[in-house]
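For reference, chains read A, B, C and D in written order, and residue numbers begin at 1 within each chain.
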Amino acid sequence: MRERIAGGYDNFVIPFMIGIIFLLVYLFIGLIRILKHVPGEDRKRLFLSFVNPKIIIKDLRDIICDCLLHVKIFKRNILLGYMHASIAFGWFMLIVIGHIEVALFVPQRNGSLYYPVFYRFFVAEQNYTLKGAFFFFLMDFFLLIVLGGVGLAMYKRVRSIAMGMRRTTKPCFADRVALYCLWSIFPLRLLAEGFTAGISGGSFLTKPVNMLFANFFGNDLNIYPTWWAYSIALGLFFLAMPFSRYMHIPTEVLLIVMRNAGLKVTRPRKGFAEAEIYSCSSCGICLDACPMNVQKKNINYSSVYFIRFLRRHNTRKINEIADKCLMCGKCVVLCPVGVESCNIKMAQRGTVTEKLPYDYSYLQEIHAPVKEKKEKVLYFAGCMTHLTPSIIKSMQKIFEAAGEDYYFADSDGGLCCGRPLMMAGKKEAAKELIKKNSELFMASGCETIVLSCPICLRVFKEEYRLPGIKLLHHTQYIDSLIKEGRISVNKDDTSFVYHDPCELGRGCKIYDEPRNVVAALGELRHASKEKKESICCGGSVGSLTLNFDDRAKITRESIKALTVENPDKIITACPLCLKTFSDQSMVPVNDIAEAVAEKIA
Amino acid sequence: MNKNVMVIGGGPCGLEASAQLHKMGYNVILIEKEKQLGGHLAKWDRLFPEGIEAKEVLQPLVDNINGVKYFLDTEVVSINLLDKEYNVILSNGITVLSKAVLMTSGFDLFPAEKKEEYGYGIYDRVITNADLEKFFATGKDPRVVENPKRIGFVHCVGSRDEKAGNRYCSKVCCATAVKQACEMKALFPDAEIFCFYMDLRMFGRGYEDMYLKAQKDYGIRFIRGRVSEVSETLEKQVLVKAEDTLSGKPLKVTLDLLVLMAGMQNAKSGIRIGEMISMKRSDDGFFTTKGSILSLQECDKAGIFYAGACTGPKTLPDTLNEARAAAVSIHNYFNKEN
Amino acid sequence: MIYEGKQKIWSEYQKEIPEDHYFYVRSCIRQSFFPASEKVFLDITRNRLHKDFFETEHHTTCGGIAYHSDAIPQETSMTIIARQFALMHKYGYENYVCSCITSFGLYTETLETWREFPELEEKIKENLWESCKLEFAKPKYLAHASDLIYKYRNLIASQAKFKLIEKKSGRPLRVVEHIGCHYAKMFPSRGVGGAEYPYVLAGMIEAWGGEVIDYPERRHCCGFGFRQYLIKSNRGYSLSNTHKKFESMEPFKPDMIITNCPGCPYFLDRWQYVISEMEGKTYGENGHGIPVFTYEEVAGLVMGYDPWDLGLQVHQVGVEPLLDKMGIPYDPEKKYKGINNKDLGRPELPTCACL
Amino acid sequence: MDFGYSLSPSSRIDLDLFDRNRFNTLAEIEPDVLKCMACGSCTATCTAGKYAKNSLRSAILYLQNGQDKQALEYLKPCMLCGKCFMVCPRGINTRHLILSILKIYNNAK
């Protein structure tokens, strides 16, 4: 191997160099900006994570799995996963191997930005070596893989359903520019390397191409235009990247590092949130995930468009989408990048609602009741459960059957848990309620709190500090009662389907206990979408603006998904779901507590 | 024996009953004191809840009485029972011997000037529901200013009011007020419109929808409180006082137009005829029917029948149903006798 | 305003008022605050119009203030009233006329009550005999003194020296008429013109050349309200009531106010001063108040009595601008001079008075 | 001068003071506000209502009566729990309505 071009430079690298330098500067400034807007405490946490081996390993694993191999997408759809992995991993390997080649064969060019990229232009093959052939083979191999990925990507544009996506996003202008550049980069690279393969050498892909071209076009004059074109495609891609969805490629690395360091969204547009926003790849998986998509007009309220408007600073649209979202969290768990769009939306709501007046001075008048007995178990039904008294009655029956010595904390109504306020963006107001409630619970002297409302449970788990108190949803509690043999239920041949309430399933990751309980009552059937893919009932207090009719459509869709296997009964575990379903469903709907209480032996 | 049936009153009720009886083969004689048929319906512009034009309803009713003998501008001079038949002498000199007499004498609107505190006939900007209908039909009423900014509707004027002598609900005024309020809003989109009500009685099919529409689409403001007094300001506007009972506070508002929803009373002309043969009337002034559920069309005097608003406030569909029911009752009466 | 509409109502609320021969009863408040008004009434009726009006020093209060302040029970006030009627009967009169609206209302109320509950009338009859040994009688006709001035309004107009007209321009004066609440609000048929649009004062104003002002709060009480004024902690209510009336009549620019009740001229007059002290606001022209008169005072002015003989110097709001307007001559020197040129003293804070 | 008593402020509702423009702004964002028929369900079920004066029904009424400040007082104790949304017979999106009222009338006098 020797250098073919003296000085190791040619003018055609200029477009590439402009692009890559622009991109690097942009990324550097962006990084500084994000770090500047991250609260000091978080910044400290981030820097500390770089010296924590555990986190470093996690960072590396996540980057390889998520950014290169796209494991999450593989899990969703193999073809889609392969498409992403082949382009990302293949390209990554091309870059890495390019650098290795430079380091091995022309070490004097180490550190040059363009040299590894245009390696084949600058070198000439002198003699065949096994080592050289090996690298040539690797390069051609990965190029083939990438080309395969690009081919799939083009096919996906035409028929997305083949990759398991019913809907895809509408690309914006910068997206289109970057997309077409990306499509053309690797075919152009093949052309360029193919034309040059006679001189620089090549392997199973580039050599045949070279021979084919030599037969058709003859002379080597075609070398220059193709290398120029390749360089221009690369340069344009890098120039368009910051303004396109492909910004997610570099940003995702930062997001992984920051997330693993334990950072949280505090402001909707700046700091950590900015890393989240630019990590969105606009893939559109959230379009299919969003329960609002039952109506075509509401597809525009999906997270991907929310983030797109955030990038464009379109405040009116941002607020409109932020307010509309049901906060069911499905788009978050399915997002291949893991963008916490719900948190960003809550922060966005906060920009409007945090300023609004409130007056909770009455909290001072509320005191923990003086009681002689200190029950170990405290039952907190929650506001909404008071609208479904059958759940309360059933729980009382279950407590009695289990011989539990319990205290019904909000038998006469209690304070709100604060979650609805959090979801409305009023964090400061929520804190007051959280503080008061925590005080009351700590004063009760209980060891376990059993909750009937998943909305409460979630905020209790995430925001309350209740040292020494175990938090259980009543599904978990009943499950443990059955397992411990404290209650027994009569199983019969009734068939059930279980609906995962958003806040209980995706919110608190409780999927199995309710299913155990239902299985103990009868036959558990499946829904077409369940567990983390379960569809919101439509009653969510998460949405601020979704109107009654739109909600009803979601409810019907959710019921449709639940009843695919014709169960006798729909079982849910949230008072809000129960109330929402009951209004619409032809199949009887029960809370898990009701179903258990009915069959208690 | 002749098959004469005397129908007194040529409003929608008398028209429908006459047409039905005529179809059954009776010899119907219909009299009307006014110079035209149609009663109040002829003076109304549009009907709730859909806002159908009154004439669209009236015209078929009038067309249907083809073949019925009717006399306009005619009143009953005397009526008495002669051996199972009523001898009716009319003001046009004709005497009719009729086995059955159907009273479809209908209602009078409560004279709004009797509610002195509302200042009807005294203040320049106070009109009644009937005046407003006339305004809708003709577009002319000097009391309706150009582009009124605020318009009020007072429900229950002369209804549910012991002081006015009428304790009963006139049934149709709530729906009429809501209908008229919407029409005024459509005419004057800049106007704010208030309805002062005690209870909103939206009992009929489509009425509640009309109410919701009035709130949602027309932005009509409903104030739960009865207007207690009305005064005139220097600018000839009317200052209205009421209690907003929902907040328990007295309330005042200055309006450019106040519409009084005059209720129903038994028609004076009907009462006059009733007195000639001592037809019983209840405390509310309307004729007493033989039964309150089973025999609503009959008088306790054999051969006298009732239909429509002379036995209490009724909506137009109710009235037309009664007209048909009365025709059947009369038919049965004839058959039983023969 | 549609005048014909009002006329229609007035025609429905006319009462037959006997021409002559009345037993006259004074008012507690008026004797104290506007003694000249009652004097002028008797002077006009007896000496100018030559009617028979009899009065006796033996009559007492009707008990109205105590009754409305919950100080005495109804039975007590009825017995007092029965005594008054008995006095009338004793002196041979059948027509009873009182100077006070509160009394008029109470007499009407009492007579109606006796009509509804004859057993109560029997009881009062006994009470009267037991306490006074007087024979029970009921008046054939009960009138308020303003009814009579209304009745004689055209007679008075025919003898008028002045009219309710601005002399300079010939413009009719804008007059607010304020009717005492107890005149017709309780029994609309007992008042001339009914309760909604009373005609008793409006008739005088029209007959004497003025223009009646109808303003939104015309029905409102003057603010006395017995318990509202008499208890100091409630007095703000009384004041606020009057304030509301003045705020409402202000845009109509009234030249004067005429009243037919003892409390009304007092409160409409004095509260103007209090409001001007508290809020710095006056409702008449040039920073003055609106002068307030009793109907007798106005009748007296029209007939040419000397303003100071009518007791106008005891008003809080100065009357001089109005006298000037009407062209009535007066001697400013004599304003605060009583009988035999005795000095009456001067108001300490004459904010609304002009001198 | 102190007389020992004073003019009492009028407790009367004066619809002539009603701020129509501001209310229209609200109704544009929240057309639901017009749908309230004052049934009182929201107030009856209110979680905060147990402890403080909190009533969306009253607040809407106060707004319509031109008493904006009082309206806010009836909404400030709200915890946005959403029970009222579940019980409203007219399907009014109560929570957002409350937020919008607070937003639009925040500087009410």
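By definition in this document, contacts are C-beta pairs under 8 Å (C-beta built on N, C-alpha and C of every residue); 3 or more make two chains touch, one makes a residue touch a chain.
Since the structure is predicted, the reported quantities are computational estimates derived from the model, not experimental observations.
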Given subunit A and subunit D, the chains that contact each of them: none
Chain at the geometric heart of the assembly (C-alpha centres): D
For subunit A paired with subunit B, centre-to-centre distance based on mean C-alpha positions, whole Å: 67
Computed distance of Cα centres, subunit C from subunit B, in Å: 46
Whole-Å separation of chain centres (CA-atom averages), subunit B against subunit D: 39
Separation of subunit C from subunit D, taking each centre as the mean of its C-alpha atoms, in whole Å: 46
Subunit D: positions in contact with at least two other chains: none
Multi-partner residues of subunit C (at least 2 other chains): none
Chains touching one another, given as label pairs in label order: A-D, B-C, B-D, C-D
Subunit C contact footprint on subunit B (complex, rising order): 113, 116-117, 119-124, 229, 231-234, 236, 239
Parts of subunit D lying in touch with subunit C, wherever the complex brings them together: 1, 3-8, 10
Sites on subunit D touched by subunit B in the complex: 11-16, 18, 20, 27, 31, 34-38, 57-58, 61-62, 64-65, 90
Of subunit D, residues touching subunit A in the complex: 45, 47-48, 50-52, 72-73, 76-83, 85-87, 91, 93, 95-96, 99, 102-103, 106
Complex contact set, residues of subunit B against subunit D: 192, 194, 211-212, 215-216, 219, 221-222, 224, 244, 246-247, 249-254
